[in-house]
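Read through the structures below before going on.
In what follows, chain A forms one complex with chain B and a second complex with chain C.
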Partner chain A sequence: MEKQLEQFSDVNAQQLVRPPTRRRFRWLTDRLLVNIFLWPTFLLLLFITVFPLVWSLYLSFTSYSPKRDSVWTAAPWVGFQNYAELLADKDIWARFTTSAAVVVPTVLFEFLLGFGVAFLFSRQFKGRSFITTAILIPMMLTTVVVGLFWRFMLQADIGIVNYFIHDIFGFPAVFWLTDTKAALASLVLVDAWQWTPFVFLISLAGLSAVPKYLYEAAEVDRASGWFKFRHITLPLISPLLLIAIIFRLMDTYKLFDLVWVLTNGGGSTNTKIVPSYLYEIAFGSLDIGKASALGYIMLVVIIALANILVRVLNQLKTESDK
Partner chain B sequence: MTRKPLILASLILVCALLLGVVGGAAPVNAQAKPELSIIWFAWPPCDKLQTLVNSYPAATVSVKCVPIGQWHDTIFTDFVAKGGADLPILDSQYTGEAVKGGHLLDLSQWMKTNVDVDQYVPAALAAYGEYPPNSKQYYGLPAMTDVMIQVYRKDIFEKEGFKPATTWTELLTQMQKIKADGAAPSGFSWFWCGAAACYDNVQTAWNQIAWSFGGELWDPTTFKVKGILDSAENVKALRYAAELYKTSPAGSGNFGFGEDVDAVCTGKAAETIIWVGFGPSFTDKQGCPQSDNLAYAVAPGEVKHVLSLGGMGIGVSSYTQNKDASLAFLKWFESKDTQLEWVKIGGYSARTDILDSDTFKNAATYNSVFADSYKLVKDFWNLPEYNDLLIVQGEQLNLAITGQEDAQIALTTIADKQQAILDKAYPNGPSGLSAVTGGEATKAP
Partner chain C sequence: MNSILKNPLVQRTMFWLATTLVLVFFMFPLYWLVISSFKVRGDVTLTPPTLFPFVQFQPTLDNYIDILTTTRGGTTVASPFIGALVNSILISGTATLVAVLLGTLAAYAFSRFRIPSEGNLMFFILSTRMLPPIVVIIPIFLMFSNLGLRNSFVGLTLLYVTAGLPFVVWMMKGFFDEIPREYEDAAMMDGYSRIEAVWKIVIPEAIPAMLSTAVFVLITAWNEFIFALRLNPDKFSTVPPYLVTVIGYGRPEWARMAATSVIFLLPIVIFTVLVRNHLLRGVTFGAVRR
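Entry: the complex of A and B
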């Protein structure tokens, strides 16, 4: 009986170690299978992400332009000339200033409004789910569609916005898309309309995750509403809020489609931000070397900004862990 | 799963794939017709061209109409990728850029035996395909000629006792009065947009005012812009445009062609001056409620009478896989019979025998105006750097016209920036111009 059991366990052990593979597939080891599945994806990722990054870095040190050079290998190496020219160009600094004039108020507006509305929605009330879903709709729309709708609504003479401002309330009509200051405000307004729901969603998720017992404990101690907000809510959800800010900062910084649709790329209004300028250099002037350099300058700026925010995020996390 | 169903499923799959390949290939072999592609920008003539080329018997030709803001970028990014349409339709300003990049076939020899070169308006042949200027090297043939004409509300003009203006000054007075009288919500609508997405809207509009006021954009013999573009005549022309803008619909500073056509068709403005190619938009009674009230006249002059040259040339891409078929198509397209059909459906020819024909004159109500106007045309830079020059000009002109910058400052800024662009590209002046042929169209079809 014992012998039979030993034989049985040997068989089971063999089955565990070696699956019942047909002889002709014995060469297909687990390691090989892993490689077969992994490498094509890995190579594809390398090709579509890392290669363009490295290649554009190389191009940023050349004066490559298909207008002058038949092949990119023929482009002369110019070292840091593209970077030096760009950084010495007054226009670039004006474009970065314009970018900042769009990014800062947009993100601030989205943050304040998104978080404020989320705070109101953190309490239960009738129709909360339905209104929450409705608030999220703008974020689900394509930016080009949003831009086109708003372009119609902001038209100076036939737009509904001026209809209310001018025809109903009697204020002077605003040239939303053609006046330089108003055009900037339009960009901020439309981007905030579309992306405030994103901040709202993240904030709402954060507010829902705050443990209720903390508030109950504070209430026992007769803490004020402000005290609860300042010492319970804010510290616990600030990491999430910061993540929302980082996302919005990066997205607004590389905003292109909305500017293109709303103010025609922002040429003659003061809304030509860095990505629009980069588009002009790359696809209008076909100055690929210079455009690549500008792309890298943009990358460095956004990495620096994101780094600062991530550090703050880590600091907040450490504080909340204490 | 047993082996049998697996093998059966595999067999069915293989058979289906084979059938797909054979089935897909069969019609191509049966047709034996090459497929050709043309690229242009989206406007009425582009759709008309598709109608015309549907009758071409020797190939299946498709016309891709892209938004005007992406027209240049699509063509040239395709060129960079050594692909794209077989027959790109290029603006006259693109010629230098395309030729210098080696993207077009040299048609100079081929056209001597395949095209009635003598039948063309010489200025049109030069504008739509010659590079470098005066070199007699041709890389394109006229696809569509164009010029701007006055489109005005004859009912309002009759009421006000006006005749179509012959000078810009007269036009301004008329438009100011129409607006002041409330005969129309606004006087003059135009495509004032100066952004990159609007391509050359405000530039081609203002250039003809500047030329008519006695100004120039540059000196093509020395490549000097400073002291020429920022001249007193041009400052006057720009201040004039800013006054004309005040009679336009509110906030029309970003108007492109579409908005401009709408402004006149919906009765918002009493007049515009626009490319003849948009003519069908005004004669279409369904789309243009004011169609019956519209009349047409030659655009005004001032101390000179000069109008912006419009229209485009068609070339053969160096990267086409259908070189012979493309050349055969070009020969067919430029023939008298095809050009007659082209003008019948709304195209515009550069052939004098067509322009003089009754068929052309009777094809549209504004065609006689076109014939008178086309004698007055003038083109501007067709250098590879034109896009950089254009962007600088568009932005500043728009700012000055919409009252956000002084005309003198705007023109000085343009002159400084354009001079820097030209000095960088041509340190030795015009002697730096050269062509890179993308191959020669030697084989006659």
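Entry: the complex of A and C
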């Protein structure tokens, strides 16, 4: 009787789960697997990112010229000369100033508009998700294409923007892409058109994550709208806003495509920002050593920014894991 | 004054007024681009401009036919734009496939195994993504010139794989952290080995996440300009440099520019709508989840 029962349950068990007949891939230990999973990624990063960077550091101490030197022979070592020249050069400070004149207003404008729109859309209304998705489209588009069709719209004579400014509202026409000051404003405008949605998206997420009961509690205490905003909303969403701002700071600082398309690299309109200048040194005057040195000066700034960003990201992660 | 502002009707009117302004600011340029692509060449530069198709002008497909075909020796053949488009599709497609595959495996390792100085490694991966392209393009340009990787399919693809990897690792690690470990543990209790559990349990669970991650990698590669411009100027050139150098040079033909842009941007718009619920996660490298 007992034997029968045993047999019976055995059969049943086999039909129910049917584990693999023998353990395959036993040789594939976890340790081996980790290596197989990680190495391709790290090899690629080492080959295409780390190695070029190290080489670039070396080149920044030489007067390498692609016309004269082969890659396999050592280029003439010049020590810190490239860096010294760059730091003494008035032009480079002008380029950094131009960069700041683009970056600061752009990020400020994107932040104010993006947060404002997010605040406007933070309550439920008909068509909200449709409108939100529509507004988010610009940030996914190709920057050079965005630059091209804005160049079309900003043409002084045939552009639709001037048509509205001049023909409809009667203001003087603006020479958007050729006037020094207007060209800077064009860069800010187009970058803001493309990237305000990014700030909007992050702000909206922050605003909708503020728990309702906090507002209700403040309501009971008859707190003013400003008080609620200042003491409930702002402290809760500021880490997220910080993320948005740092991302935008880094990206506008790296901005290249848009300047290339909109103001032809910025040469004639005084919108030549650091990346455009770097490109000119590298591919125009083929001064690879100097260009590499300028690249490293750029890097120092961006590494500082990235460090802050990662710290904020990690802080957010530990908070959301709680 | 205050009482007027408190009036619900006034509030609603102001709200919709502001919303309309916002929509016009963000949508009008795209509307203008699309209708310009359907105008005959001379009409795009008219003053006053024609804003409404069928009412003010008769839409035409001339620009589209114009950019998609060229006549050579009396016969109609595919235009250089088609060639660039095919390159764009092949290069960004392949790069996306490889990046998602490799990055997903690495992300799984980061998510499930104890890896020495994991935080530093993850930071290292992220930091490569923060590099300004203009800084790395010089050594990569020299390196690819010497390895014969300029004007090649492999070179640009490899570059886009590497550019996409950090994003995939961060995104997929976030997703894997959300899939309970117990799934694989149970499978391994039943006699599956780790690799089988990954293949049969975890990957199927992660497919939607991999797809939305892939969309972001695809769009980034699709949009890339400066590497394509410098590394592949002659062969395997993609659409962004083609657009700028061929159509946008000198006194551009705006109608053709508009039609080319519409074709090139359309897939992005479709994909964006598809992943709209993952956009927040996508733009913050998976750090912000809600």
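We adopt the following convention: the second predicted complex is superposed on the first by the 265 of 322 C-alpha atoms of A that agree within 3 Å, B and C clash if a C-alpha of one lies under 4 Å from a C-alpha of the other, contacts with A are read in each partner's own complex, and residues count from 1 in each chain.
Note that in this section a residue touches a chain if its C-beta (ideal position, glycine included) is under 8 Å from a C-beta of that chain, and two chains touch if they have at least 3 such contacts.
On a predicted model such as this, the values are computed, not experimentally measured, just so you know.
Touch criterion met: A:144 reaches chain C, while chain B stays clear of it.
By the document's definition of touching, neither partner reaches A:84: not chain B, not chain C. In the overlay built on the shared chain, the residue A:265 is in contact with chain B alone; chain C does not reach it. Of the two partner chains placed by superposition, A:94 touches none, neither chain B nor chain C. In the superposed model, A:283 lies in contact with both chain B and chain C. Judged by the touch definition given at the top, the superposed model places A:291 against chain C, while chain B stays out of reach.
Contacts of A:308 after superposition on the shared chain: neither chain B nor chain C is touched.
In the overlay built on the shared chain, the residue A:299 is in contact with chain C alone; chain B does not reach it. After superposition on the shared chain, chain A has more residues touched by C, the comparison being chain B against chain C.
Shared-chain residue A:74: touches no atom of chain B or chain C.
Applying the stated touch rule to the two superposed structures, the overlap between the chain B and chain C interfaces on chain A comprises residues 66, 260, 279, 283. Interface residues of chain A, counted against chain B in their complex, comprise 66-68, 70, 155-157, 173, 175-180, 260, 263-269, 272, 276, 279-280, 283-286. Residues of chain C touching chain A in their complex: 15, 18-19, 22-23, 25-27, 29-30, 32-33, 36, 44-45, 47-49, 102-103, 105-106, 108-110, 113, 115, 119, 123-128, 130-140, 142-143, 145-146, 158-159, 161-162, 165-166, 169, 190-196, 219, 222-223, 225-226, 230, 240, 243-244, 247-248, 252, 254, 257-258, 261, 264-265, 268-269, 271-273, 276, 279-280, 283-285, 287-290.
Put simply, chain A touches chain C in their complex at residues 17, 19-20, 23-26, 28, 30, 33-34, 36-38, 40-42, 44-45, 47-53, 55-56, 59, 66, 71, 117, 120-121, 125, 129, 131, 133-145, 148-153, 158, 160, 163, 167, 193, 196-198, 201-202, 205, 208-209, 240, 243, 247, 250, 253-254, 256-257, 260-261, 275, 278-279, 282-283, 288, 291-292, 295-296, 298-299, 302-303, 305-306, 309-310, 313-314, 316-317, 320.
Of all residues in chain B, only 69, 72-73, 76-77, 79-80, 97, 100-102, 185, 193-198, 202, 249-254, 256, 268, 384-385, 387-388, 391, 394-399, 402, 404, 436 touch chain A in the complex they form.
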